[in-house]
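Below are structures written as structure tokens.
Both complexes below contain subunit A, partnered by subunit B and then by subunit C.
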Partner chain A sequence: MDVLNPKTYDAEEDMLSERTNYSAMDKLILPMEFQQAPVSTGTTIVAVEFDGGVVIGADTRTSAGSFVMNRFTDKLTQLTDRIYCLRSGGAADTQAIAEIVTYQLDFLAAEMNEPPLVRIAANCVRRLIYQYRDDFVAGLIVAGWDKKLGGQVYSCPLGGLLCRQPISLGGSGSTYIWGYLDNNYRPNMTKQECYDFVLKAVTLAITRDGSSGGCARLAIIDKDGVERIDVLGNDLPKVYDL
Partner chain B sequence: MSGIAFEQPAGGFVFDNCRRNDILLKNNVLPGKIHKTGTTIAAITYKDGVVIAADSRCTAGNIIFDDNVLKIHRLSDNIYALGAGTSADCDFQTRLLESQLELLKLNQDRQVRVATAVRKIQQHLFRYRGYIGAYLIIVGVDVTGSHIATVHPHGSIAFLPFVASGSGGYTSLSVIEDRYKENMTEDEAKQLVRDALYASTTTDLYSGSKINMFVLTKEKLDKFLPYEIVAARTEKQADYTLAKGTTEVISTNVKKIEFDIVNEKVKATGAHEAMELA
Partner chain C sequence: MISTFNPFETHYDSINDKDDFNIGNSNKNHTVNPLETEAERNIRTRTVTPIVTGSSVAAFVFNGGVILAADVLGSYGSLAKYRNLPRIHQVNDRTILALGGDLSDADYIKEAIDAKVEEDLVQEDGSEMTPLALYSWCTRLMYHRRTKLNPFLTSVIVAGIENNEPFLGRVNDKGSAYKEFLIMTGIANHLAQGWIRTILENSNQLNKEQAEHLMDRIIKQLFYRDCRAFARYRVCIVTKEGVEFKAKEVQPDWSLAPGLHNTE
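Up next is the complex of A and B:
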């Protein structure tokens, strides 16, 4: 890593559906048939904060190049009872990060004798991504509820940034719904409005992004618990299909 | 208490070898070629457990290296693994995992769970960044039910109701996708898996020979080795030996070849001592 010219966050680099550059070694070792594209959760992930909790949602497609490896993936990974993370990027990298952070938070909860704060969870994720920024392809959104600040959404994209936002989008499909967000998001929405917003956003992204698809998985996290809702393909809101 | 919970293991991921590899490549030191086997492996869950099957062909280039390879590896009494990809990696990684699970089972004094096996192999493969080319399907029945998981070389896993992998995997998967339903009976499940493997072994060049099948439930493990032999070699259709006189002799010519001894050399063969017998 060049210390004098550090890597700046490049919006174009955030096209997570692009194929990772293998080293030349890989091309020599693995015969042509075996150069499978890396398994990526080329994806759409959305998280919105409301007063008292968060609504999070994602599509369910995991692809390896043009092959859909898993059409009902669960990209909403639980870190603690009230904190979830949404995974986008390389499947192996994000699964490993989620597992490591779950362990770290479990340990912390035992030490502090209280549930960890959402910001702490996001920080754990961010530290991992930042430390291995040259090697990981992982963009996560950490969202949940805690006693101190209520519902919070933190974005932890590629290079290792930590940023709290009232609403966050991520993954390759997010590019298609920024406009929808800009037009339709208003602060202080109710829980039901947030749910409808997230579901519509994920549906629109699925309609346009090739790397996103399948069904929509949503979750509503508040002080009383986590409500998981799986909206199957035929139940998604209708979008006028050209 | 400075950050006990956040202490990363000293060293963590070590990527020094990647830089070494790049330097070696620049100096034209090439790695050895890996022989892939080409495989079809498939697994489905049914009412009482899981049915798994694999072909038995190992190829080196265009030649069938071995006609009778068992691609189903035991991890524990209730957990089995199917391996596709680099066959050495599959064999050794599953053997390593088998011994680790045996120790774990003795330590914890209870049956090992599928999720444990999957988690262990996932973390191991992740450390090696995809250079261990093992595409595994881990199946088993434990206290929490019956499970099937795919594991990819980079370390990503997915728990699915049915899965097929290997060079013939796509063909098998299309057959299974067409006819899979939840809670099938054992006969339906075996027939479906057999048909899926049959489709692959007959269409994919690198899969074939035999279909080996295991049926794993809470109570039993049925092994069918083989379940079916696909395209068995038949008897020769005709006798190809030629009768004497088939080729007609038109003329005969006998000539004497003159030769002289130019050089003679006598050498004693190594006198070996008689073997000492106890």
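Up next is the complex of A and C:
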């Protein structure tokens, strides 16, 4: 993928891409559990904004179908000193986006001689997803702090939309915690309340979603820096589990 | 086809060719050929997938008996929906049935076996179902459904004490059955069977405590690497003395997590 010279239509490439898809034969030959499935960070990601920063959290499981490829994944990817992105969807796709945007923001910081704004980072992510929307399966949440607008959370879902929200959920596990959000979120929570909310939300999703699991990694981003907190699987808050 | 023959209709030629070009009226335009044979009528024309599924079952023979373990989760796709479904069932004092895969089919099989056991009780002639008898019956049942192209989408593990010897066997949804000292169903085949077989082959038969310890280690490994696993599980130990069930919970070790930042 070439960032400076983006993809143009190539007829030969187009015909070549209809070559035999060997993994489609697996469906006929192999029983269900043995089939290769795309590696996805089937995941739970949560980001909440508070006055002066953001709290972000994610689980630590990367799965390929029913197999856990990595039980210690770090889905909190740093774009700049004060901007992080949370990745969900195809693992390869989101890693590629994060690396390209990190480069773009690094270049921009050198040009502007100041840290980039969170909205600019989110826009870089959105532009990439939109440009390759037919190819990528990537839903990212970009969250961080800048001195212009303080703590911000931007959601960049599948098709290439950019939307600022005070709180954002993403990933396959998020379906199980929309109710928790609707019931328990209030605007203008303090930093500690936001932290508890994010930790509880990730825990509830881990409990129910098969594609999310392991520990919870959280980060609190404010003007003074990033504080990373890992809550191990045994130390997650207790929820009704019977 | 005989089913489309209508003696009251005009009959232009005796070759019933569906590919001919219809000029003019034809009753073939609006006919449907009903499926003629019973096999055709019962055939599945779409893939049937398992809906509520149980994950893997692990079982092996030790010195003096058999040990099995399975978690208590019924998954609805990726959702951990039913968290109190034990999948190891006691048939009688020396026979155990464990099931994995589609759980509604598993319930059907369990009910059929319970009905058989009750029938035996009613006869009051002291005969009891043995593991080998149950294993053979399950094989016939699964294979019969497979021939009708309507399989039970479950794996059945039969374990127990047969003629004072430990017995362990498995039947899958195709009706393929075998007896072995180590049986795993589901993803445990990939995750655990290789290294457990190495351990069991290279050791003299384990005693009961060692077998339990090893089974706990297997379940912990499955909990780490199977997306559809669950922390609470049941262990069943069958010996000549009888059947023993234990409810346990996995104690996972997450201590490596803080050292692995920036790993994708």
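To be clear about the criterion, the second predicted complex is superposed on the first by the 207 of 242 C-alpha atoms of A that agree within 3 Å, B and C clash if a C-alpha of one lies under 4 Å from a C-alpha of the other, contacts with A are read in each partner's own complex, and residues count from 1 in each chain.
The working rule: a residue touches a chain if its C-beta (ideal position, glycine included) is under 8 Å from a C-beta of that chain, and two chains touch if they have at least 3 such contacts.
Values in this document were obtained by computation on a predicted structure and should not be read as measured data.
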item: Which superposed partner A:A91 touches (first subunit B, second subunit C, both, neither); value: both
item: Partner chain(s) touched by A:R127 [first = subunit B, second = subunit C, both, neither]; value: first
item: Partner chain in contact with A:T60 - subunit B first, subunit C second, else both or neither; value: second
item: Touched partner set for A:C215, first subunit B, second subunit C, both or neither; value: second
item: Contacts of A:L181 with subunit B and subunit C, given as first, second, both or neither; value: neither
item: Contacts of A:N70 with subunit B and subunit C, given as first, second, both or neither; value: both
item: Touching partner for A:G42 - first (subunit B), second (subunit C), both, neither; value: second
item: Which superposed partner A:L232 touches (first subunit B, second subunit C, both, neither); value: second
item: Footprint overlap on subunit A, comparing subunit B with subunit C; value: 33-34, 62, 67, 70, 73, 91, 95
item: Residue ranges of subunit A touching subunit B (in the complex, touch as defined); value: 23-26, 28-31, 33-34, 38-39, 62, 64, 67, 69-70, 73, 90-93, 95-96, 99, 104, 107-108, 111, 124, 127, 131-132, 135
item: Interfacial residue positions of subunit B with respect to subunit A in the complex; value: 4-6, 8, 12-13, 15, 18, 21-22, 25, 30-31, 33-34, 36, 38, 85, 119, 122-123, 126, 129-131, 133, 150, 152, 154-158, 160, 167, 170
item: Contact set on subunit C toward subunit A in their complex; value: 50, 75, 77-81, 83-84, 186-187, 189-191, 224-228, 251-252, 254-258, 260-264
item: Of all residues in subunit A, those that touch subunit C in their complex; value: 32-34, 42, 60-63, 65-68, 70-74, 77-78, 91, 95, 172, 176, 207-211, 213-215, 217, 228, 230, 232-234, 241-242
